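Could you have a look at this structure, given as structure tokens, before my questions?
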Amino acid sequence: MRIDQRESADTLRPHALHPHFTRQAMGSVLVETGGTRVLCTASVTKTPSWLSDGGWVTAEYAMLPGATSPRGRRDAGGRGKEIQRLIGRSLRAAVDMSALVGPNGPLSMVIDCDVIEADGGTRTASITGGFVALSIAIERLMREGKLAASPIVRQVAAVSVGIVVNGTSKERASLLDLCYLEDRDAVVDLNVVMSGDAEGPTGLIEVQGTGEHGDFSRGELDAMLDLAEGGIGRLMAMQRRGLEESRA
Amino acid sequence: MRIDQRESADTLRPHALHPHFTRQAMGSVLVETGGTRVLCTASVTKTPSWLSDGGWVTAEYAMLPGATSPRGRRDAGGRGKEIQRLIGRSLRAAVDMSALVGPNGPLSMVIDCDVIEADGGTRTASITGGFVALSIAIERLMREGKLAASPIVRQVAAVSVGIVVNGTSKERASLLDLCYLEDRDAVVDLNVVMSGDAEGPTGLIEVQGTGEHGDFSRGELDAMLDLAEGGIGRLMAMQRRGLEESRA
Amino acid sequence: MRIDQRESADTLRPHALHPHFTRQAMGSVLVETGGTRVLCTASVTKTPSWLSDGGWVTAEYAMLPGATSPRGRRDAGGRGKEIQRLIGRSLRAAVDMSALVGPNGPLSMVIDCDVIEADGGTRTASITGGFVALSIAIERLMREGKLAASPIVRQVAAVSVGIVVNGTSKERASLLDLCYLEDRDAVVDLNVVMSGDAEGPTGLIEVQGTGEHGDFSRGELDAMLDLAEGGIGRLMAMQRRGLEESRA
Amino acid sequence: MRIDQRESADTLRPHALHPHFTRQAMGSVLVETGGTRVLCTASVTKTPSWLSDGGWVTAEYAMLPGATSPRGRRDAGGRGKEIQRLIGRSLRAAVDMSALVGPNGPLSMVIDCDVIEADGGTRTASITGGFVALSIAIERLMREGKLAASPIVRQVAAVSVGIVVNGTSKERASLLDLCYLEDRDAVVDLNVVMSGDAEGPTGLIEVQGTGEHGDFSRGELDAMLDLAEGGIGRLMAMQRRGLEESRA
Amino acid sequence: MRIDQRESADTLRPHALHPHFTRQAMGSVLVETGGTRVLCTASVTKTPSWLSDGGWVTAEYAMLPGATSPRGRRDAGGRGKEIQRLIGRSLRAAVDMSALVGPNGPLSMVIDCDVIEADGGTRTASITGGFVALSIAIERLMREGKLAASPIVRQVAAVSVGIVVNGTSKERASLLDLCYLEDRDAVVDLNVVMSGDAEGPTGLIEVQGTGEHGDFSRGELDAMLDLAEGGIGRLMAMQRRGLEESRA
Amino acid sequence: MRIDQRESADTLRPHALHPHFTRQAMGSVLVETGGTRVLCTASVTKTPSWLSDGGWVTAEYAMLPGATSPRGRRDAGGRGKEIQRLIGRSLRAAVDMSALVGPNGPLSMVIDCDVIEADGGTRTASITGGFVALSIAIERLMREGKLAASPIVRQVAAVSVGIVVNGTSKERASLLDLCYLEDRDAVVDLNVVMSGDAEGPTGLIEVQGTGEHGDFSRGELDAMLDLAEGGIGRLMAMQRRGLEESRA
């Protein structure tokens, strides 16, 4: 039994997507996983990219001060920048930039991930939700004639896994989708981003593992990747359901 | 008939409060008025204030980039700072600082107002919602024994009014609770913050009126203040209902 | 009798304008009101404005560190920005932007208001002096053939008023043109900017009233606006004399 | 044959350590790997850490402008911060913070990694060299009586691996220790930090893999980790030789 | 005949000091030399100095935007910082820091030099005026019992000299106290700060000479220093007259 | 005998140049003088200069944190900016900007001076080394056909001199090429930059002398300039040898 009453190591926290949570942005979704809630919006900007001949996708990540207790500061500094670079890279892997071009030229898109409430796993929730906000925006651009075809070439979702040491037995256990309390005590922290299609995960996009207070073995890495793959498969199903709902 | 289909000059937009919208902060509420939605959270910080012998209340205001179309920038600059100074002053008028003192000394509170969706009137919605978030937090502090009695000495709410010129007749009309399109075309913009009690508004706290493209008369100022007082009375009733709901 | 020996609630402090105080800027004036002295200069810049098809007027406001005791810091932060936004808006109300266009295109003007000595009312003195510096610069641009006609459509001046509570009788009194000591103790602070012509004030441009430690009534607002209108009438006469002197 | 004439996928570039490259810092080493050269210095600072009851180790990473062609900018922004966080975490894994305490209290150490010449792999060279600079400084602190025993609990070194696609055959090949040209064209980029002892690598500390233009398989990840482990073993031997030389 | 109608190479521009130009600061003077006017104020701050066991003197220098045509920017950047470091060093040479100590401990003083109008020589005018503002403040501190004796050990004044090339004859001429037009065309620019007593200059404090478009000879340096010494003697007489006037 | 065992007042510390210390930049040299080591690199940038119709040369100066004990901060602030302005001016005196123009237009060059180890005289070593890095880069540009002829019109080198007071005899002595300990205790600090040709120094480019704790006489200035001229002559010989070696 886990600290937040989950039954097993490979159980995801309750998760849900609320498409069209806001209406001003081209696409938006509120993604919830346990006590973590992130508002993801996708906007088209005029800034051309000098990093690509075609279009470009970038991300911004921030945590509202009231999202944590005690209250956080508005400027997350280096940590926030590192996270938004990860989100941006992950979402770009979903897109064929040469096809993100409309009748008036290449399109630049910004995915804003604002954490409204934080209970662990905010960066992976941002990626999972950000993909849906991006997809909703792309579909709207297509309906509005600003894109002829979808530049999205693969589904992208993410989850965190980690290793927690039992206080009494000192046994190390790999756990899926860490909540804040598990994350705080984890000795290894691994964020996994995967690509997929309707059948489920197909490949790795990002693997970021850190031994916070020591090292970990190749076998432990494998076990964690297995857990992550299972969880991401379920999150990808949630993404597909959310996108369908957004079209209704 | 107004541009957003409201029937008359003194009609408020549909408005609602959602208390406890998030759970990490000491108090929180999502306030909606028309297409404007602001998440207000109240947190206790350790920073002591050198501005008061007793407690202190301060505010921060920001707009999520995806709250507007086209997308805004994360750093609102001088305009954001000016707005948060207004919110802070208005909410401090509701509080007896010498009574914002718990068993361990004076308390400093921060009210964060994050605009999730913007359609005009974000600063007045922040004040109206911020008062409720602050009140919820105060009640929780009392329940937790961190405050003996409530330091809140009056209810505070705010609304915008303005003068719009009819394109054909050139007649000037005072309107209550401007939506974005009305605000953009208004020749006079007035934000009014009032104090009140269970009977309704009792006095003025802030009056900020600007002739954007010319001047306005004393008579017009009076007409706008009348409209504001009526609207604020209805918003104060909403605040009281929201607080009651938060206690359930 | 007031704290600085003025005889009545509606007496302005001794005031004076010194046109052409400096010679490098296109227009300049040193404005004095009581112990407050502000150097206002008007310059033409090359920066085009994206806020107007015609010309544009903006303001910058700063306080020299030695203007106060104890010494202030050079960067006034949010407060300074808020004040310069007020000055800019007020001076723009005096100008028809579509007529601020010379033979080579639209003109952008910056009015710099540097407080050399501060004793209350620096923002309103900046507006009153800034209008004169702007007018002197406009007249010089016309003499130099850089403007065919004056784009100034109305006179603009400002004054502060407030409510002070008598320490013994607890009576509230409205006072015109607060000095620093009155301003520090005022319970209501109101800055009023008005338009006018040769006959005196004609309309309101900005009304910014704040209940610093509580609220105020509609009747008190009216009394303060009456005081302000009287004072602004006398300041507008000073402006006209100063402009005449500048032409000599 | 690789682009820089290396014979095989698992060949490291020529590498060397120059201990005591500078004399002002407590410990220093110039680490070279191919065309990449990083000056690592270890200094003791007075700043106490609030992140640990014992001592603390942090890192700073920067690239001299002339280290690249074309010239880089002095402020590397978010990327530099992300890299120095990685270096800091990796080096902390080598140290028992509770033992980084001298007679006068806990010690804070800063490892500065300044890239003098960049040809790929600067962050992993910084970790490999930073461990040696840190070790030299620790030994000097012990000789000077400022530490009773060494707090270093494991050896730490790092290397980059990646997958490059052959332009003609489209075959994907895993390569060890990418030079700049290989890195630029790699479709997967993986940085691996490992712990070890005199026998060689013993566990993983950091695994950061990114599919720059697509995804990669679990099998490819395994192959890359095998390459990394081999390379890190040889780098750890170089570290031990460098440390021995530093004692001479 | 010089470009501004001065008769000879060793003629100073018309110069004057206006003590007590403002009243809030502990000491103040407006110094004029030709078209250059600088407001110097001296304030006591609470910030203790970690650079001295006794008191400390520092300077800030800024140019009002309207002081030049075209208008300057408010933040003078590196150039402003370099100038204020020069002013601070020069004024510290006038003071025995161990004697800048009052009954309640060491005193920190800030000399603010704000250029109101610029026509060359603003940094040397700041030093000459700054010494007088500092002296006035010291005398007031003594009158108020905050200092037992004057810590001023020598008089300090400064002037600029330079070499200008005649457009036709190509002859090089050393000139005293360059105005802006001379300074702009000078091939050598030399700022000289000297110490002195009632008899005149006694020694060098700062010599900063720059060959802007080439080099200069030892003989030319000597000729310029002769000119500077003569000018500084006359400025020191002005300082003594200004101080006497300030005591009246 | 001097504190670092040098035999006489006019002895330079051991000095050396290592051309081509790095290979990415267009030109590079490591300059050593005593315990001071500076890496100077010269790069061509695309940024056009608005300060010159022809080419332009600018400099950046920074000290690695580990270059000093105790460790310095990465951002040197105002002092660093002042030094890089001095280096830039000095190196520009060596170049005819109208000739720093290649087939594709004017060239902008940046000389980066990064202090790897600091023991006094870092700014003068930067100028002496920077001239060599610049010259190496110019020669390479000529070999690569990017410049038809050398725009270098004179040799430039620099040295520090100063006056130190004997602790016992209180005699003042002028010393050449101060090491850190001498510099720390010097009462006068003078940096001298000179132009020269194959015969030795020919003129002054910069003279920056400061009486740190008092004043100095014209005679002392002359004695220091004599010392500087002698030292610069020897450093110019070293520059010529280094350049010759760089061509081998």
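All chains are identified by letter, namely A, B, C, D, E and F, in their written order; residue positions are counted from 1 within each chain.
One rule holds in what follows: contacts are C-beta pairs under 8 Å (C-beta built on N, C-alpha and C of every residue); 3 or more make two chains touch, one makes a residue touch a chain.
All values reported here derive from a predicted model rather than from experimental measurement.
Looking at chain B and chain E, the chains that touch each of them are C.
Where touching is counted per the definition, the chains common to chain B and chain D are A. When the contact pairs of B-C are matched by residue number against D-F, A-D or A-B, more than half turn up again in A-D.
Per-chain CA centroids place chain C at a distance of 33 Å from chain E. In whole angstrom, the spacing between the mean C-alpha positions of chain C and chain D is 61. Once the centre of each chain is set as its mean CA position, chain E and chain F turn out to be 29 Å apart. Residue numbers of chain D whose C-beta contacts span two or more other chains: none are found.
In terms of which chains touch, the assembly is arranged as a closed ring, every chain touching its two neighbours and no others.
Beginning with chain A and continuing to chain B, the ring of touching chains reads A, B, C, E, F, D. Residues 22-26, 28, 35, 37, 39, 41-46, 60, 62, 64-71, 74, 110, 112, 114, 116-119 of chain F touch chain D in their complex.
Per the touch definition, chain D reaches chain A in the complex via residues 77-79, 81-82, 85, 89, 93, 154, 190, 194-195, 202-218, 221, 225.
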